[in-house]
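The structure under discussion appears below in the form of structure tokens.
Note that the chains are named A, B, C and D in the order they appear, and that numbering of residues resets to 1 at the start of each chain.
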Amino acid sequence: MTEASAEPAPRVADAFADGPALIPYLTAGDPDLEATEEFVRALARGGADAIELGMPFSEPIAEGPTIQNAIFRALDAGTTPERFLDAVGDLDVDVPLLVMTYYNPIYQYGSEDGPEPYVEAAAEAGLSGVIVPDLPAEESDPLQDACEAHGLDLVFVVAPTTTGDRLDRLMARTSGFAYVQARLGTTGARTDLSEATFESLSRLDGYDVPRAVGFGVSEREHAAAIVEGGADGVVVGSALVEMVAEGVEADENPATVAERLQAAVADLKAGAEEGATRATPESQGN
Amino acid sequence: MSGDARETPADDGKFGRFGGQYVPEALMPAVEELTDAYQRYVLDNEDGFIDEFREHLRTFGGRPTPLQRADRSSERYDTEVYLKREDSVHGGAHKLNNALGQVLLAKYMGKERVIAETGAGQHGTATAMAAAHLDMPCEIYMGRTDVNRQRPNVFRMRLDGAEVNPVDVGSGTLKEAINETLRDWATNVEDTHYVIGSVVGPHPFPSMVRDFQAVISEEARSQVQEAADRLPDAVVACAGGGSNTMGSFHHFVGDEDVDLYAVEAGGSGLERHEDEGVAPHSASLSTGDEGVLHGARTKLLQDRHGQILESHSVSAGLDYAGVGPELADLVESGRVTPATVGDDEALEAFHRLSRLEGIIPALETSHAFGFLEREGAELGDLVVVTVSGRGDKDLETVIEETEQRDLDAAPDLEVFER
Amino acid sequence: MSGDARETPADDGKFGRFGGQYVPEALMPAVEELTDAYQRYVLDNEDGFIDEFREHLRTFGGRPTPLQRADRSSERYDTEVYLKREDSVHGGAHKLNNALGQVLLAKYMGKERVIAETGAGQHGTATAMAAAHLDMPCEIYMGRTDVNRQRPNVFRMRLDGAEVNPVDVGSGTLKEAINETLRDWATNVEDTHYVIGSVVGPHPFPSMVRDFQAVISEEARSQVQEAADRLPDAVVACAGGGSNTMGSFHHFVGDEDVDLYAVEAGGSGLERHEDEGVAPHSASLSTGDEGVLHGARTKLLQDRHGQILESHSVSAGLDYAGVGPELADLVESGRVTPATVGDDEALEAFHRLSRLEGIIPALETSHAFGFLEREGAELGDLVVVTVSGRGDKDLETVIEETEQRDLDAAPDLEVFER
Amino acid sequence: MTEASAEPAPRVADAFADGPALIPYLTAGDPDLEATEEFVRALARGGADAIELGMPFSEPIAEGPTIQNAIFRALDAGTTPERFLDAVGDLDVDVPLLVMTYYNPIYQYGSEDGPEPYVEAAAEAGLSGVIVPDLPAEESDPLQDACEAHGLDLVFVVAPTTTGDRLDRLMARTSGFAYVQARLGTTGARTDLSEATFESLSRLDGYDVPRAVGFGVSEREHAAAIVEGGADGVVVGSALVEMVAEGVEADENPATVAERLQAAVADLKAGAEEGATRATPESQGN
């Protein structure tokens, strides 16, 4: 399972192969790309089933304050799309990596306009999927074509406001998994779970696509409850980014922060698995 | 009776390569709902929306605004100069036309709350006024830097009962305020309407804001025919996001002999400093390149990685890195000619118009007059310039900026020195 | 089509016991010349003066101004409240109506220069704007104290090309500015016209300024008939010198069923402190006695020796110890009812109107709304209130004064505290 | 000629009986009424033929800065019309005294409105004439009636702008003398004489009323030139008020200031007489 560097990247769906997937998010380049590489390895060691890497964009409209600040740190550290992809290329983890970014940096990449050059480079660097929160299905044909051409998954977000026909269309389009937005609003760790989460999950019951819930998940018990509620995976972002921020604040060694990240992921993963166990007897009991 | 130039934009809100709906999925149902409401109320006048809108424009907003022959400017430039006086709209700028339209639409849609971004505070005050008038709770997002340097407008919003939420991230200016308003909208989309301040953002905003502002050219076109029995050779208007230009141009777009000039802020120079993430101007039409920002594909000031640059202009209302997609397309197609006027020229024009005509223009507006000074009779025999707003809001800025320069047209300000 | 109530005033400019021409002999030929010009140009429309005046009012001034139904106030007071929106006149107040008329008249008379006094700066800015527009050199006298506390208006005058002459004697406020302007006039009377700022001064000023301002009631009277198909039960307007009231009332004076209320500044109390030479209010109609000031016999705030008292109001534009003679007479005859509203009530009304209607009124105007709050439906089923000006000029004063008080209607201003 | 106190006041015309009249002006109550009494006696000793006393009014629209400031000092010192008239009553000079003030304090005096009570009190106090710069002939009937009833002269100002019929009417109305305003503008010492002065004087040639020129006269040579130009008298105000102001500024003894005033008046008087001598041979030479 090591020596992955020259092998083709794993598919995103692999993350959901053995039970519930724990998908951590970190902003790449926060506080610098070297640290990010170290953190990513730690996330993998902690049991992450896939990893989302935020490629920083100056106008992060879908993010709450925690990730906004991480993005500004990453930009200050000189994190460009080229350097980001270089760093991804250096990584040798064996779980699928997804890039989460906004449409403009994808569109601008390379010498010609349009998403194709970026997707090609992303595939070369070993990325398995792309998530673009400001790109709704309606505007996504060019990116989707490029992803298909280069074998990447394009993951769409399903919002609490996504219903009816829209939902059908989105679920038909998303590949890898459906990113289920736990609540309205922006990213950011919350201490409670919203009712909307479970409503969204149940709305998605009939579709044959893995469902990973994100936006606000921060605690082991959240992960458990979400998986128990029917999710196939859990995305955890701000809670982990917050740990990085604390490390930056305290001027800690990246290795120290990496250890904490690893432990946190392990804990969340354990939560997800608990949720799965809780769900199974019940569903068997039905 | 022509002049109703362009057809209704395509349903997908595309203007050539520009436009679209680049928003988070959570907002898509809202923009769809809004597109539907735009069609029904604005385009089809369902429930008499347009009638009620026009009545509010008239009795609350003070429309129609005059088209005034500028006698001394006409003499100076040896051409007939007419001023379309949007500075006389309630609140002091064309911004109210749009704010009234959108707040009223929010009511028709059954929304319970409106939010808006503001930079210099002009759109924020216009929205706050419209919201007070129509009894709609209102919150305004404004960068912390702008809050601190635009005290009077902050106070006006508070007086009109709006909440003002300072935005502490980034440079604390317009771009951050828009981002934060989008976040609020994504959180409260079910009961909230986002009153966007210009012809920017995802469809249907660019079309809808243009339609609300098109009253400018609708009036101007028939007023100029009444006053001069002909159409103008040129229409000149300043462009930030582009609502003033689109409003001033719309009903002339079909008149092929009428030249249309969109004057952008040239700031202190047209270069870019990618390393610092800064462009010392706001000339996205003239110097920007295609990209996606705040919901639409348009022309932008960005670095080669697609990061948005901090723009600059002495006039806060033009200080924006993007521009409306329809305007980008009209420039692309050659129908609209872009031009830039720098900080110095705009300040000279501010002083010149005040002195010549007894009209103190907004600094935004002054850019259009800087262009008139440069081109003069080259523009033709009859020129309409839109006075998009009054300059009362800019007095402190002008005093400061004038002191730092040696301007020909500025009065001696020594009376202040005791 | 009635409403053209009063006949042209008698040739001697007397209104009952009030009025007249109490000026130095050196000025008598000038007031005679002006009386003649008033008759020919204003009353007889010689050389199309009135037509040209109306054209400037329309295209430069932005007239007609709206008559707006105030929905939320109507609800609050359980009566139909209509607002006559003079705040939408160019420059932000009714003052321009008069300034335009007089500067134009000075041109017709062949004068080469206009001068004017100003207190808060509203009349000064209006005159400076009119003078720039009509290309007439202009000097404004303004007390040093007022220069220092009304910076934005001083700047606006300078921008429009007017000289501003600070007056250093006495308390450095309006009274001293008027005295100094009269002195300039007496020195330069041959080529100079004195653009007086209200319906005060020697004949023909009170009649002439009223005629220039009467466009307010001319419009309002026909607008209210159009909107409500009836005349109002009451017209309410604030009174300093009285140009806003006379303008708002003139065409209703003959309509006996229309009650007319002139609201004066009650300041901090209606007493007098003769020893200090001070009255902490400006209620000359309600509390003053007959005397002669600034060219006319009228009602004044004075001590028992005939020395003029320093008046006071939170609103600089009402802060004057005299009042127009025609208004004094209309009060004397019972046709107009005077009322006073104090600083606190006016500030509450300022905040209330801003919040309820999205219209930030001048502090002067706020006095009229303080009266509306007090009387409400007692005034009848349909009330017209004149919004004589906008409050942008008053923001700093209101912030300061609000901080010193505990006002129910004021918003939390804490957003300013960083 | 002494012991004048109980005798009837002299008539204003007396001032012009023996050659050109020198008529000084001071603001009463500047810096206080006691000083004024002392100053007035000094003016008389210096050779004044009549004396004008300004009764202070808060809105002195006809005055330049020097007299404005004197008026404000007088008001600050508590100079009311009652106290002013009391002080006049105490004076025992034998030249005619005129009050110069504005219409409002005259109008307000006493318990009923109108000028009558004031004029009555002024006559009792021994004043001989009244000058009211803000009361043109058109508004002066009530005051004129009162003055006639109580034997006071009412002096009108003839301005450079007063011509034609207006001039005829004014010259018919003025009594005592015609106060010829030397130039447009306000009171105030000037260092030159204006052409307007001589034009005004020649305009007045045909009338049979003494003509005293004021507004701006400050030097001996002015007085000479004015009398030479045909005037019957000269009014000097601001130049003398300025001396009072300097005394106040330097905190000098009123007696010291009085001496200087006496000398100044004597000098100006000599100038007026020189002017008369210069004028006579010439007119005889014709």
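In this section, a residue touches a chain if its C-beta (ideal position, glycine included) is under 8 Å from a C-beta of that chain, and two chains touch if they have at least 3 such contacts.
Keep in mind it's a predicted model, so treat the numbers as computed, not measured.
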Whole-Å separation of chain centres (CA-atom averages), subunit C against subunit D: 38
Distance from the mean Cα position of subunit C to that of subunit B, given in whole angstrom: 34
Intercentroid distance (Cα basis), subunit D paired with subunit A, Å: 98
Interface hub residues of subunit C, defined as touching at least two other chains: none
Arrangement of touching chains [line / ring / star / complete / other]: line
Pairs of chains found to touch, sorted by chain label: A-B, B-C, C-D
Residues of subunit C defined as touching subunit D within the complex: 12, 20-30, 169-170, 175, 179, 182-183, 186-190, 277, 290-295, 300, 302, 304-308
Subunit D residues within the subunit C interface of the complex: 57-62, 64-65, 68-69, 72, 75, 80-82, 102-109, 113, 133-139, 156-163, 166, 170, 181, 184-186
Parts of subunit C lying in touch with subunit B, wherever the complex brings them together: 58-60, 62, 65-69, 71-72, 85, 87-88, 90, 92, 128-133, 135, 144, 147-148, 151-152, 154-156, 158-161, 164, 166, 351, 354-360, 392, 395, 398-399, 411-413, 415-416, 418
